[in-house]
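Chains: A, B, C and D, in written order; residue numbering restarts at 1 for each.
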Amino acid sequence: MNYTKEIQDIAAKLFAEGKIDVFVGYRVNGFDDNQVPVLITDPQDVSKLVFTDKSVFNLVNYLKNDHTRRKRVGLVVKGCDSRSLNLMLTESQVKRENLYVVGICCEGVVDEAGQKMQNCTDCMVPDAVVSDELLGTPSGSDTLSGSYKMNADIAMLAEKPLTERAAYFEEVFENCIRCNACRHSCPLCYCAKCCIDQETATLYNGANTTSGAFHALMTWSLHLAGRCVDCRNCEKACPSHLPLHLLHKQNESVIYENFQEHLAGVVTGDRGAFYKYSLKDPDDFIM
Amino acid sequence: MSVETFVTDKAGLQKFYEAVMASRETYAPVEKFGKFDFKRVARVTECDPESPIAKTQSIKPLFFPRSAKVMKFVATSAGTDVSETDEDPLAVKRAILGVKHCDARSLQVLDKVYNWDYIDTDYQKRRENTVIISTRCDRADTHCFCTSLDYDVENLDALDVLIVNGSDGKIYIKARTPKGESFLKETVTGQASPVTDEIASPDLKKQYDAFAGSFRLKMDYKEVNAKLSKIFDTPEFENVSGNCVSCNTCAFVCPTCHCFKISDEKVKDTGVRYKSYDSCNNGYFTLMAGGHNPRPVKYRRWRQRAMHKFVYYKERFGENLCVGCGKCTIACPVNISIFEVVNQVSAAGVQE
Amino acid sequence: MEAEVKDQLVSIEKPELIAPPNWEPVIMGILCNWCSYAGSDLTGTSRIQYPPNIRIIRVPCSSRVDPWFLIKSLQTTADGVLVSGCHPGDCHYISGNYFARRRFLVTKKLLNFVGFHENRIQFSWVSAAEGPKFAKVVNKVTEDIKKLGPLHLYKKENFEK
Amino acid sequence: MEQLLVPMICKVDKVIQETPDVKTYRLKFRDEGMMEKFTYLPGQFVEFSLLGSGECTFCIASSATRTGYFDCSIKKAGVVTADIHNSLEEGDEVGIRGPFGNWFPLEDLKGKNLLFVGGGIGLAPLRSLIQYCIDNRNDYKDFTILYGARTSADMCYKEEIKEWQDNKTVNVVLTIDKPEETWTSNVGVVPKILEEVVNPVIENTKVITCGPPIMIKYTILSLKKLGFADPDIITTLEMKMQCGLGKCGRCNIGSTYVCKDGPVFTNEQLKSLPDEF
């Protein structure tokens, strides 16, 4: 998977036509062959752009910050990124007319060690669902009713006895340092005031205790339930390497299995599982 | 002052670690989720004193906890009562194993701010009661640049006991301070034998030279200090901060960042006041109640961060507020390097 | 921390070891204004007895219940939570409880996933006419939680009941 | 440091509703002996904590020459101040740490004409100095107070202003931003009135100004236009603070910590700071 040339050409063309003010893409980070995001405003810099299977970070995150606000933005999105973009469009956070979206038919990205990322091996929506231009060959996978792959970690933990799970998560929450990088690096956490942010939190004012971390991460993951697109930006940002995807994937699997929903952000205009209901939803857990 | 040096081998070093753990409370890097954090340990097998620098959190939380309880309080209609918290668990006699040189140095930098004007007695107590045992790195990591900063890495006196991997599997244990010396008297057992400086020095020097030669990043900090102090208004800050996601994690992992905030947690009538970390990259770090914010946009916050580290702190306390450990770059989701930022900004400022 | 996990372990297997003598659980009952709260009222007026362990909070609709409420109560006073609303189709606001139902399932499964026993988070549909059912529900929840013992997991620090 | 962050308990002696959104709290230490140890000079500030809500920085609005109590004037603006306004009543207890910061250069002011320029809640730190100077009236020459507010209802310390007006040795000029029917005094923003009505003597005069940032900015401009030198213009700054001890790293402008080196600065000092405020 290498679309470096195509993306450079597209960016150069967009700048030449005056269609965008800033182009968000990836560049090689300068000390190894991993890549970091880059915001390009000068047309001469387009030669910096690259796209390979090391282009990991979800660039939709940049649509929520100062550098792109009220500007026309060119943007590269993979399958999962496009789902988060779709949700941001649905939730009126960005204007479609201000965006030029370069969609990728993604074949999966690799982590720093060169291993294919877990969310890519499980991926159900490899092709960008929002795009002005699509690069690569669409995989043609059925995004709406394809078979859901249960996350291996979730399945493994679900089988363990309750006390073992409790002990495992105790460790997770204990190692959280409450920097809130997970919340800030999530493209869908765009709230100006967040209930887990330190200065605006209500019950826990950001003190780093195990119970505070539990509270923050649980509330955060429940706010993202039905919206999380499994791009794993949070996990990449976590300085303690916590397995944050467990919380999100758990919610996703419950939603997928019980409500017969498609994945979050696959359909434009669909706000996620918690904004609708079905009369057939399971009722057996309620007395 | 006679500074004692001992030589031993791998097994002897393990014995030494065991003796340390037997003599006092010991903290060492413990692996959790692929990342090492300093935790209380009782056995050598639980920890890895030679944990890779890129995966190890700083030792700052052992002196300046991520959340310290300031006080407890009871506030009812009948009256208010304030009580100090329980005894500080970090103020006991203790030793820290596997400290990196940069981390040890960070304490020297922090000493300045904590002993300035109002003296932080808790911090001092924790400092006094701690023996820092540091293993010198054998080679530099991708993001390290400690040799480029304003301290002598080879003869660092921020650490009490220095451990160096010499040639032919020899391991040197050397006291660097009087505190370290008396500590070694208690803990070095028959496994290690004393050597004179004449024998040890060449080997130590050789190891240091190999280490110092392995750095990818090199800069002249004096030049950076001088250039940065003149270019407050450069637009380059906007460029370097472009892909920052304002996630704050750099300040939380930084061994020298010392900003904190004070917050109350109250349920019913009782509550606790905490002092916990905060980060200047946070949008509402300086937001005032009336809505005025001196640093409302990202590049201004980055300017504050870079300038505080390399200009303001230098002006005020005579040290750079950076020890070149590269922890922020490793933790950063988009790998922004403070090294690159200051160099890029100071280079751009000069061109204009 | 180890102690906390151990507590949880013991409390699930042998509540009598961990529960102090005469220990009574505290159950947070969050009831919808139109059905369950009226139902609990009817229980009282019909003189049906139910355990006094439940502390009732009235909310306009079961869909008003943010999962955050459950987390907060479990972290402070409560040993268990009961959320009750109108029967499906009876919601005063037409569809509130359908939305709530989805949220409850996800919340319950997530809390269970990170180590809370599923009986600590319970839901029920109780209409305004079902006084006896309300008493039955509270009885069952109280018994379940008595079996589990006091909750120690992730309690807010320094918090005294 | 944790000990330094533990507040002393004060009792609210009196609550005065100054304007719709400003209240003055008169505080006394619960432990009466503390008051003697609590010495402060005009311009210093305290950390005021409503236990359970949080901590805020307020300047002391009264002078140490009026013994036995001290005042804090609080405008409802953020979360904690709203809590204070809503829940704090007479007899309640709050936490106080301080006093912190530097003070107005009292020695430099001796024997000078004084011109106070205040706007809105910015009169609070000036009030401390005004009280101090009135109590030591013989040390100072001419005495002018220019005070502006948005409306006549938004004027703080109405009672005290009357006292000042009755005091023959003090010249008080009041102004509001927009005309009102019952208002007989000046109308217009503070810098305009300063130039048109007050016409201060420039020789041997020190100007002390405080108010909203925008007012300070334009007042300094018109003072410069009138011919005042930078060292003669004194102002007090406001920054978000958490500790007041020079540790929390929040209030710095360049290498200057507002909580330690400020909050009182002369315009000369302000000019040497980076243009961040």
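We take it that a residue touches a chain if its C-beta (ideal position, glycine included) is under 8 Å from a C-beta of that chain, and two chains touch if they have at least 3 such contacts.
Source: prediction; values computed, not measured.
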Selected pair, greater C-beta contact count between B-C and B-D: B-D
Chain centre separation (subunit B, subunit D; CA means) in Å: 40
Cα-centroid distance, subunit B relative to subunit C, in whole angstrom: 46
Cα-centroid distance, subunit A relative to subunit D, in whole angstrom: 49
Centroid spacing, where centroids are CA-atom means, of subunit C and subunit D in whole angstrom: 52
Junction residues of subunit D, two or more chains touched: 54
Subunit A residues counted as touching two or more neighbouring chains: 203, 205, 209
Subunit B residues counted as touching two or more neighbouring chains: 261, 263-265, 272, 278, 287
Chain pairs that touch, as defined at the top of this document: A-B, A-C, B-C, B-D
Touching residues on subunit A, where the partner in the complex is subunit C: 157-158, 162-163, 165-167, 169-170, 173-174, 195, 203, 209-211, 214-215, 218-219, 221-222, 225-226, 246-247, 250-251, 254-255, 258-259, 273-275, 277-279, 281-283, 285-287
In the complex, subunit C residues that touch subunit B: 76, 156-160
Contacting residues of subunit D [partner subunit B, same complex]: 1-7, 9, 49, 51-56, 75, 77-81, 93-95, 213, 238-240, 242-243, 245-250, 252-255, 260, 274-277
Interfacial residue positions of subunit C with respect to subunit A in the complex: 1, 4-5, 8-9, 12, 67-68, 71-72, 75, 88, 95, 98-99, 101-117, 122-125, 137, 140, 153-157
Of subunit A, residues touching subunit B in the complex: 29-32, 34, 36-39, 57, 61-62, 65-67, 171-172, 175, 177-181, 184-185, 197-200, 203-209, 212, 233, 236-243
